[in-house]
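Step one of this worksheet: look at the structure below.
Naming follows writing order (A, B, C and D), and every chain is counted from residue 1.
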Amino acid sequence: MSEWRYWLNEQRGTLIGLAIFVLMFAVYIANHPAGLTANVAQTAANKGVLLAFVAMAQAMVVITAGIDLSVGMILVLTNCLASWIVVGTPMQTTAGVLGVLLAGTICGAINGLLVIKGRLQPIVATIATGAVYFGLALLLRPFPGGAVNEDLADAVTGRIFGIIPSSLVVMLVVVLLVWLPFRRSEIGRAAYAAGSAEAAAFMSGVPIRRAKLVAYTLAGLLAGVGGLFLTFFTYTGEAAYASGSGYTLWSIAAVVLGGVSLYGGRGSAVGAIFGAFAARTTGDMLFVFDVDPLWQPLLQGIVLLIAISIGAIGLLRVRNRLEWFR
Amino acid sequence: MTEATENRLSLRARLPGPIRRADPAVLTSFGCILLLLFLGSLYSSNFLSPEYLLQQLKVASFLGVIAAGMMLVILLGHIDLSVPWVMTMGAMMACAAAGFGSTVIAIPFGILCGMLFGLLNGFGVAYLRIPSMIVTLATNVVAQGLMVLYTGGFSPQDSAPQAMRWLATGYIIPGVPNAILVWASVSVAMVFLLTRTTFGRSVYGIGNSERAAYLSGINTRRIVMVAFAVSGALSAFGGVLLAGYASKAAQAMGDAYLLPSIAAVVLGGTSILGGRGSYLGTVAGVILITLLQSILSVMQMPEAGRQIVYGIVIIAMLLLYGRNPASR
Amino acid sequence: MTSTQSQSNAPLLRMEGIGKRYGGVRALDSASLVVESGRIHAILGENGAGKSTLIKIMAGVVAPDEGQMLLKDQAVSFRSPAEAAAAGIACVFQELSLIPDLSVADNISISNPPRRLGLIDRKAQRRLSEEALARAGAGDIHPRALVRDLPLSRRQLVEIAKALAWMPRILILDEATSALTASDVTKVFAVLKRLRAEGLAILYISHRMHEIAELADECTVFRNGRNVASYAAGTRSNSEVVEMMIGREVSSAFPPKPAARIHAAPVLSCKNLGWSDRLRDISLEVRPGEVVGLGGLDGQGQRELLLGLFGVLRGTSGTISIDGAARSITSPGAARAGTIGMALIPEDRKTEGLLLPMTVRENLSFAALDRLSRHGVIDRDRENASIEEMVRLLAIKTAGADTPVGALSGGNQQKVVIAKWLTRRPRILLLNDPTRGIDVGTKQEIYQLLRRLAEEGSAILFYSTDYDELIGCCDRVLVLYDGKIVKELAGGEITERALISSALNVQTEPEAAA
Amino acid sequence: DPEVVSGPAAEADCFAPWAAETKFFKFPKKEGPYRVALANGYIANTWRIQMIQTAKAYAAQPEVAAKLKEFKVVSTGEDVPAQISAINNFIDSGFDAIVVNAQNPTAFGPVIKRAKEAGVVLVAFDNILDTEDAINVNVDQKGLGVLWANWLAKHLPDGGKILEVRGVAGTSVDTDRHSGIHETFVATGKKWDVVEVVGKWDDPTAQKATADAIAVHKKFDGITAQGGDTGVVQAMIDAGHPFVPFGGETENGFRKFCAKHASEGLKCSSAGTGPAQVAVAIKTAIAALEGQVVPQSIKLPLAIVEDPNFKEGQDFYPDQSDNFFVGNAFPTCGINFTAQEIMGQTQENQ
């Protein structure tokens, strides 16, 4: 095999995610009454980026073969917090932004500590912390409201040079600052190793506990970025249980669509981003096709079902049935 | 096989027989139930009254039936996120069958609908090899879509027929609501299924290593599909009971059952990774969760506080007995 | 390799009074060991003697309950494999410790990668891994290949390269060659000898006596968690060693082969079997009472052949016939069914043969649940009876039927795998390297068992990586090369020389039997 | 941009201003027929389904249909950003007016800005928008709480022990109704012991919470519930709790119980606004596009039925589902749907 074949083999999941997204987005745009205008791109980007942050957060944890069912609630909590503190002068706003990110990070770290030091199974541990985070959000915002520095909000959700959605740029920056260093660092590789074969990783002297802690913590941070972005998007904070659990579930769908293996060790946060955009596009399809409103939820489900079944095509190529069982 | 599990095994192997068989998680979770009741009784002695306790068991039985199915799926190392709308669908379709057809077929029809969705889940998981978490997520959306369509498209019949009312709230044994008897029967069936049948053995086997089970000649795909179908049927059955209790079916009535059913199974000592756990633990987990929710509700704690306490109590209990063994 | 040895006479590593319990099992009981630089030190012992546990303690994977470890007379205790590695102890574990989803390069420098600006320097890493692979004699493995895409034998070479990349002072190999082919073993031995010359201390655990004879400078025998004897290599005869290991006298290694029953009609036969590019045009016949071996270098299609017969592979061409009638077998479930009666002892007992956390009882009845139940309900009496019989028949050493199978030693685990299939009384038994990592005593029991089954009328197809086994056990041997049967040897033709030359697919002049 | 003018509105009876100081808008007149969109959020409950059915039915009425070139409905689920994006997409696709049931009343600032720039008429109903820049079709949520508390106060002149079954925490509807109830109780100066439980506007949840509360507190003198009221009454019946005065919503099942058990003490005040308010919102949007004067904030009349006035076939329908919200008539707007019509019609009409 030549070098690029190895690269392709490494990136397969991510590329499939990209392909699913491109395909769906192309169909969407082709049928959009306005076509691909700057506005339409901005709308799609803003909506997608929000889920993308949560999906990246989920991917971090899923790579270690864990799962974080509290990401949506961290998003909600940081959203409520941001609607209090990301206001005022540039100095205050900056402090507020840092405060929100710190809060997200702490939430993630708590999850990590429970899973690693507490040795709890991630699914239940994060269901429980999710409840706690939502309770805190509700304390912060018993009813929707609050405010955010609107200049900053407009800058982050607007466009650069009138065409490039700034949310995409923000996302790129987050990828460059958080994901790439993680992926290229020893700790990031340890996270993959822990997800792929924990016992083997331990025997090889890989710092699996530290790696997992970092993964959960960064997941909290990324969910916090998502919460911040949600605040910029909506100008307010709201402790909405349904939307919290909705983001959690869609983040899982997004990572799967983006080629991240739920069994750990495979995939990348970049794939999760494509997955998030693809997941969002399933909802948009209903907008461009004239579907009876009562049929919409059903259709969305079917589109999702089809999208996730695409991966099953690979089964046809499986010639050794043992490959069914990883 | 990690060092970790091997250690745990040897630890258990050292215990004398009867204690070894009684899962420590089960014992502890029953202990926690008593503790919870004790704490509640400090607030109001009515928490210990027979009416209240029977009321809790009755309400717990809906969750109990659903958790039984969830446990089966979790034992396989999978998860069923389609509970909320499969449950709602079971309830709505049972009521619809009663409304449009006859009462006789109502309950079986509701359960059948749930089972069909379970089969769909199972097909996706076992034959298409899609992770259960995502298949069931998608089928949940599909089930929701169908129910929205049904409610909006037909003049819906959603009153529970008398038979469903009776099943959930009537009495064969005076003082003991039928729902509890239903749950007890489901439980007996589950214990039998899990401990005495080839199906149960296969479930545990697949949960530990599907590859090994397959190479032992077990038709693992069929077992997985059947387990999901049972889970779907039991979800729908839970919905039927709940509709009987509420005297009608309604949209989104299952939303409150997903996370508690998972939590109940895990609090009962079943490993979320599959292959290990006893049904008695699930019963304990169901009672634990139901009591906790009820006591917090009656204590009038504001929603925020309830969520926080709920979360912290679950974490505390898991830290008490739900921990994975130390790795060294 | 820069030498870090001081001039003092203290041994490089000394372990004294080491004890370790796993629950009720005493894996080690005041064991001791002395390791010197520039020597290859073999550790021998029955399955479950505590060899792996000892070296896991050395490598910081397991914490000892008692005893001390002195590195150059300095007391040390490692809290993690990384600490041990930093102190110069690198280990190739019996259970592979590679990460399947990472590349070979990533694996080789997994715990100590070259860094640049705090991040992993991939260029340097690649260079290092290429060097390490070359040192391990596996320069043909691409550093960017994912480990999961490599066959087992290649993975073990990567494992060795990984240990070497640490530049260790002590290199431990725990049955590292058990999955390697003869030619790979030769390469590895050359490497080890070179390393010894460079001054490394090498600990070598193996159940293959001829390897130890070729390689070791000194040997230590373990039994029941203690070191029972140490001696300079070559000073004891094989039977003496075996006796020390198992604490009793051993008779001849292989049971006698009765005259082949050529007149019986074949139970299992296949014609022109093909699959992918891994199996080509394979035709064979196995008669009742016959033990047919599969030989050849590792990875020449033997595993695929067994899996193909057992219904695991999809899209096979050609026909498989049972009792002369063509059958299509599409799953292990179909293969084990009554009219076919096939059983496969798989390659990897931990993931394919056993349900480790489940009990001996559950494992033993797992492949025969249909036979032990009525209408899907397990008949407890019948189950108990069959379990008792199997535990007795194979002399499985277990505290009881309700012991988790993961707590048994490797050899006894393997017996459970075999027993679980014997419960069904299979007519056709396929074995995929069943004695890998099994001690001599247990191996003999297995050979005898195979022969007995054959005498009772089973047809046995037996793949082994160990030539001695093929020679000692089989009535005929089919040698595979590149997915094809290149040679069939029968009776006296089965010699080591014949096996090796046909395995390499080279023509040698006919020679006198060795 | 709309011109801010002085009242009264075009159809003053229908478009009643919220308060005396409410502004009036006059949008530049556009030529019809119009493209109107309904941006709904969550869909999977009976109220929303009924609402969407009503919207479709209303838009299909001949005189309305004549004014509409396109009527499009999109439901985006619970996620606020998705709803915001849907509205943005409607704006970008050139719709003239957008009717919205906002998932979060405070979150739509940026969209409102954008709609204004694009000259799109934005009308919110049910969960309205926290703004003066879009038209709101309002239900007096707090007033509902006040109404229920007054009803209980009337029947329990000396105060008493009340069970309050609340809705979904964190929503403004729940908070408004709750504070209406409490402020009113406090204002009476009597001694009220209010036990709060959370019913989430959902029958089974409310029923369970009520059953637990009854099991522990044994007896209440009055009950108020924001939703899931049928379940609340069911729990009383199951527990053998005596019937007591009740201030609640407009579910058909609740009203059935009220009518049946009134003589035994279940004295009900059933009030709310049905899903048909969407029709008022569409009507307002069309009026605004036609250049008529409309209030920025429209006050919907409450559909109130109180004991002893529950009339079969008008205030409740014994043969229909318990889950329907009755009270779909806004006579002043010429909007008159019965629940039966909405839910029953679709089979024949489609």
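Just so it is clear, a contact is a pair of C-beta atoms (placed from the backbone, for glycine too) under 8 Å apart; a residue touches a chain by one contact, two chains touch by 3 or more.
Keep in mind it's a predicted model, so treat the numbers as computed, not measured.
The set of chains touching chain A and also touching chain C is given as B.
Interface comparison, B-D versus A-B: the higher count of C-beta contacts falls to A-B.
Distance between chain centres (mean CA atoms), chain A to chain D: 35 Å. With centres defined as mean CA coordinates, chain B is found 29 Å away from chain A.
Annotation: 43 Å between the Cα-based centres of chain B and chain C. Chain contacts: chain B has residues 1, 3, 144, 148, 152-153, 209, 211, 214-215, 302-304, 306 touching two or more partner chains. Chain contacts: chain A has residues 138, 142, 199, 202, 294, 296-297, 321-322 touching two or more partner chains.
Across the assembly, chain C contributes residues 61, 312, 331, 352 that each touch 2 or more other chains. The complete set of chain-chain contacts reads A-B, A-C, A-D, B-C, B-D.
Every residue of chain A that touches chain B in the complex is listed here, in rising order: 67, 114, 118-121, 123-125, 127-136, 138-139, 142, 198-199, 202, 249, 252-253, 256, 262-263, 294-302, 304-305, 308-309, 311-312, 315, 321-322, 324-325. By the touch criterion stated above, chain D contacts chain B in their complex at residues 43-46, 49, 52-53, 169-170, 195-198, 200, 202-205, 207-209, 211-213, 215-218, 230-231, 234, 238-239, 253, 320-323, 340, 343-344, 346-347, 350. Residues 1, 3, 5-7, 9-14, 17, 20, 196-199, 201-202, 204-205, 208-209, 211-219, 275-276, 328 of chain B are the ones that touch chain C when the two sit in their complex. Across the complex, chain D is touched by residues 44, 46-47, 49, 51-52, 55-56, 59, 144, 147-148, 151-159, 169, 242, 245-248, 250-253, 255-256, 294, 297-298, 300, 302-304, 306 of chain B. Chain D meets chain A in the complex at residues 38, 40, 42-44, 49, 52-53, 56, 72-82, 84-86, 88-89, 91-94, 103-110, 130, 168-172, 174-175.
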